[in-house]
Amino acid sequence: MGRLLARLLPGFSWCCALALTAAVATLVWFLLRGGLPAFNADLLFGGTRAIDALLLRRQVFDGLFPALFGTVAMVLLAVSLAVPVGVAAGIYMAEYAGGWSKHLLSLVFDVLAGIPSIVIGLSGFALAIVLHRSFDGRLGPCLLLSALALAFLVLPYLVRSTQTALEGVDPLLRHTALTLGASKLQNIFLVLLPNRLADLTGGIILAVGRCAEDTAVIMLTGVVASAGVPDSMLRQYEALPFYVYYMSSQYTGPEELQKGYAAAILLMIICSLLFVLAFMAQRRLKSWLLYR
Amino acid sequence: MPILSRTLERLFFLAAIGSALLTAAIFLLLCQLGKPLFQHGGLGTLLCSPWNPGHGQYGIYPMIVGSLSIAFLSVLISFPFSLGCAFFITHFGPLALRRKLLNLVRFMTSIPTVVYGFVALFLLVPFMREYLTGGSGLNILTASLMLAVLIAPTMIIFFVDSLQRVPLSYRQAVDALGGSPAQQLLYVVLPMAWPGILNGLLLGLGRAMGDTLISLMLAGNAVAVPTAMTQAARTLTAHIALVMAADFASMEFQSIFACGIFLYLFTALLIVALRLVGRLSPRGL
Amino acid sequence: MFATLKKNIFLSLACLLCFSLAALPAYANDLDLFKGQQGVIKISGGTAHIPVMKEAAKQVMSAYPDIRITIAGGGSGVGIKQVGEKMVQIGNAGRKATDQEIEQYGLVLFKWAIDGVGAVVNPENPVHALTSTQLQDIYAGKITNWKELGGIDRAINLYTRDEASGTREVFWKKALNKGDIIASANVVVSNGAMKTAVANDPYALGYVSVGHIDASVQPVSLDGVVPSNETVKDGSYPVARGLYSITSGEPQGAVKAFIDFLFSPSGQQIAAAKGFIPVR
């Protein structure tokens, strides 16, 4: 039995590796085949002139620009909300927390990381109802609410990446500044964090990617099928992942379907660029900082 | 300066405690909004009765069955597959390809879920309909297959990690005794790395259970209790997405909070299970 | 105040000039309803309405960038509840709001088009006609194979809508005679999704707003009457309904302008172009 298994294992392992590669290749090929013809000047801006759309002088109706804008705005908002809190909590976890409180907190953050994104979205929606009732209808599902919910979604990743980054500092380095008389805070901000900047940045970029791809949260907290470019954080908005989801089931003709493919490609390009950036940050940023 | 540092340290503390409290607050919010449900029929009827709003039944039993069967089936498919890929990366692949496959797996984590769903809808669903499952092609098996691909990177990365943490000296000892890589894997590495593998398995299960888009797009969303892999089913997550927009005062709407609470508790239990597994691991592997 | 008024007059004069020069389609002056209006109009609910809403919003927002219109789906039930709770300004519904809903929220209904709900199959399917009894039996799960209906030997893939759908309610009441819909039917979220699902599944049976029927799906005649605008209009096809836009209380400002626009020749033309029967 064991011998047979040992004989079969390498072959099986090869098959799995090939199947995985084939799956990804099929996915990419299929998307490109369906979406590449739609990549032209009209894809983003429809009939509107690009410069008018970019300066927000005119609304875009048949292009992906509002969805792209919505996604970028939402991600920036969510990350700028989440990063300060996440990094601060990460610093606390790595440098201050100890004993049972550290165990309990890290358990709680693990639970938070595991909560399905739709449940986070549901809580955001519930919050919107409560707000709507108490503020007489002026607040409802909107860009800000989505960003808040998304910030919450990526918070545990930021805490965890900051914490592991700080805990990974060489003990020698950790104590050098302290023995020279630096305060704990000086040590954190002038030695530990700069030393781990690459890991930190990598964690943040991955959080950005997580925000950009999520569909379940925004479905419940303010994304709509058609909204144009939002002019305030309290507006409903369009977003790329939702556009892909919407088009997958509700396209009205071949051109719309092609736009759905193109939106999927665009979303994938954004996410993989962010991913490559994170990858490079974790490797190169440190040396880049040193050589500058 | 001391004031500044005191303030900053306070802020760190507040950030950590605040985030933790918010996690608990989510649970309370869900309970609060789902409260009328518990008062009406009690939790038992809710969890065990069917969904039939026309006849005043708002049970989430079909969705629980749907969620669990899709999640477990996808893990069942993905586990051997991921293990095979992990072995390729750690033991069997040519050196040049190992790194490439690992990078491909990492890249897969960055592919948006909705893109997987989109492609599957136009590629996998017609295939399943014509050749494998019959019916509409929107069913448990289709969703599980796609979910298996989706959770594979999570599992593979974890497996590779724990396989590689087995000390080199142990592996070299097998080499020295003339053992093949497969024997080394079966008799030395796997027995030592299993807690890490179990860890990855549970994480994959959590991911599968929590996914919304794949099942919403591919599982058919029927409200009947599924009895076969080839039938359509609705998961708890898809149910939330489908019913979310309904009347705020209605039982339909409140039932989605029951789904939320179930998913929350499932996750929490899973995390505790992960912790216990973590304690099992010998010598910090 | 005075200055902005002046500016507005100047702008609209300029707009008028442009319009007359560019010889835009007729009725362009219907958009004048929005003159001097601004603000956000949130629309949600009925999914049959969406193509009309999108086109109307495009015309309005192109001419008056100060007005923002957001459009979401969800289904008729959602439209009625959300407008009742004042989460949106206009809730769309493909069914009449119940008396209780109207009373509870003080709703005002505007019926701007008439539509039907027709059963549809994939164009490859040879079955093009069903009786009411057959349709009821299919949805009740008593007939499960196309062979029994003169088609090929494949199971019928049933598609239905979620509980919030007005299309479902109308179809259930008037075509299924309030008969059961089997729980194992696939559930889709909108008229658009229904059409797409049936267009992609050769063995599907679904039902969709008549306005959404196009070449990608084959309408199924019910007791010998093919669902189409003509048969709905002359009353021979019984599964008909109004398309409503609903406000909470009498509409004001931009919302009133939007409702009026739907009833204007331009608005009615959009409704007709998207496959519905205009009321005027």
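The letters A, B and C name the chains in turn, as written, and every chain counts its residues from 1.
Methods note: a residue touches a chain if its C-beta (ideal position, glycine included) is under 8 Å from a C-beta of that chain, and two chains touch if they have at least 3 such contacts.
All of these numbers come straight from a predicted model, not from anything done at the bench.
K.L.:
Quick one: which chains contact chain B and chain C both?
P.N.:
Chains that touch both chain B and chain C, as defined above, are A.
K.L.:
Which one of the chains is farthest from chain B, going by Cα centres?
P.N.:
Looking at centroid distances, C is the chain farthest away.
K.L.:
Between chain A and chain C, tell me the centre distance in angstrom, where each centre is the average of that chain's C-alpha atoms.
P.N.:
35
K.L.:
Would you kindly tell me how far, in whole Å, the mean C-alpha position of chain B lies from that of chain A?
P.N.:
The mean C-alpha positions of chain A and chain B differ by 18 Å.
K.L.:
Return the residues of chain B touching two or more other chains; collapse runs of consecutive numbers into ranges.
P.N.:
248, in rising order.
K.L.:
Could you check chain A for residues that touch two or more other chains and list them?
P.N.:
249
K.L.:
Please set out, as single numbers or ranges, the residues of chain C touching at least two other chains.
P.N.:
Within chain C, the residues that touch at least two other chains are 44, 85, 188-189, 197.
K.L.:
Would you tell me which residues of chain C are touching chain A in their complex?
P.N.:
Touching chain A: residues 40, 42, 44, 50-51, 53-54, 57-58, 61-62, 65, 68-73, 85-87, 188-190, 192-193, 196-197 of chain C.
K.L.:
Please output the residues of chain A touching chain B within their complex, sorted ascending.
P.N.:
Interface residues on chain A, with respect to chain B: 2, 5-7, 9-10, 12-17, 19-21, 23-24, 26-27, 30-31, 34, 84-86, 88-89, 91-93, 95-97, 104-105, 107-112, 114-123, 125-127, 129, 152, 155-156, 159, 183-185, 209, 212-213, 215-216, 219-220, 241, 244-245, 248-249, 260-261, 264, 267-268, 271-272, 274-275, 279.
K.L.:
Per the contact definition, I'd like the list of chain B residues that touch chain A in the complex.
P.N.:
Spelled out, the residues of chain B in touch with chain A are 5, 8-9, 11-20, 22-24, 26, 29-30, 33, 80-85, 87-89, 91-93, 97, 101, 104-119, 121-123, 149, 152, 180-183, 185-187, 206, 209-213, 217, 237, 240-241, 244, 248, 256-257, 260, 263-264, 267-268, 270-272, 274-275.
K.L.:
Quick check on the complex: what are the chain A residues that touch chain C?
P.N.:
My answer: residues 57-59, 61, 132, 137, 140-141, 224-228, 231, 235-236, 249-252.
K.L.:
How about chain B: which of its residues touch chain C in the complex?
P.N.:
50-53, 62, 125-126, 129, 134-138, 220-224, 231-232, 234, 242-243, 245-248, 252
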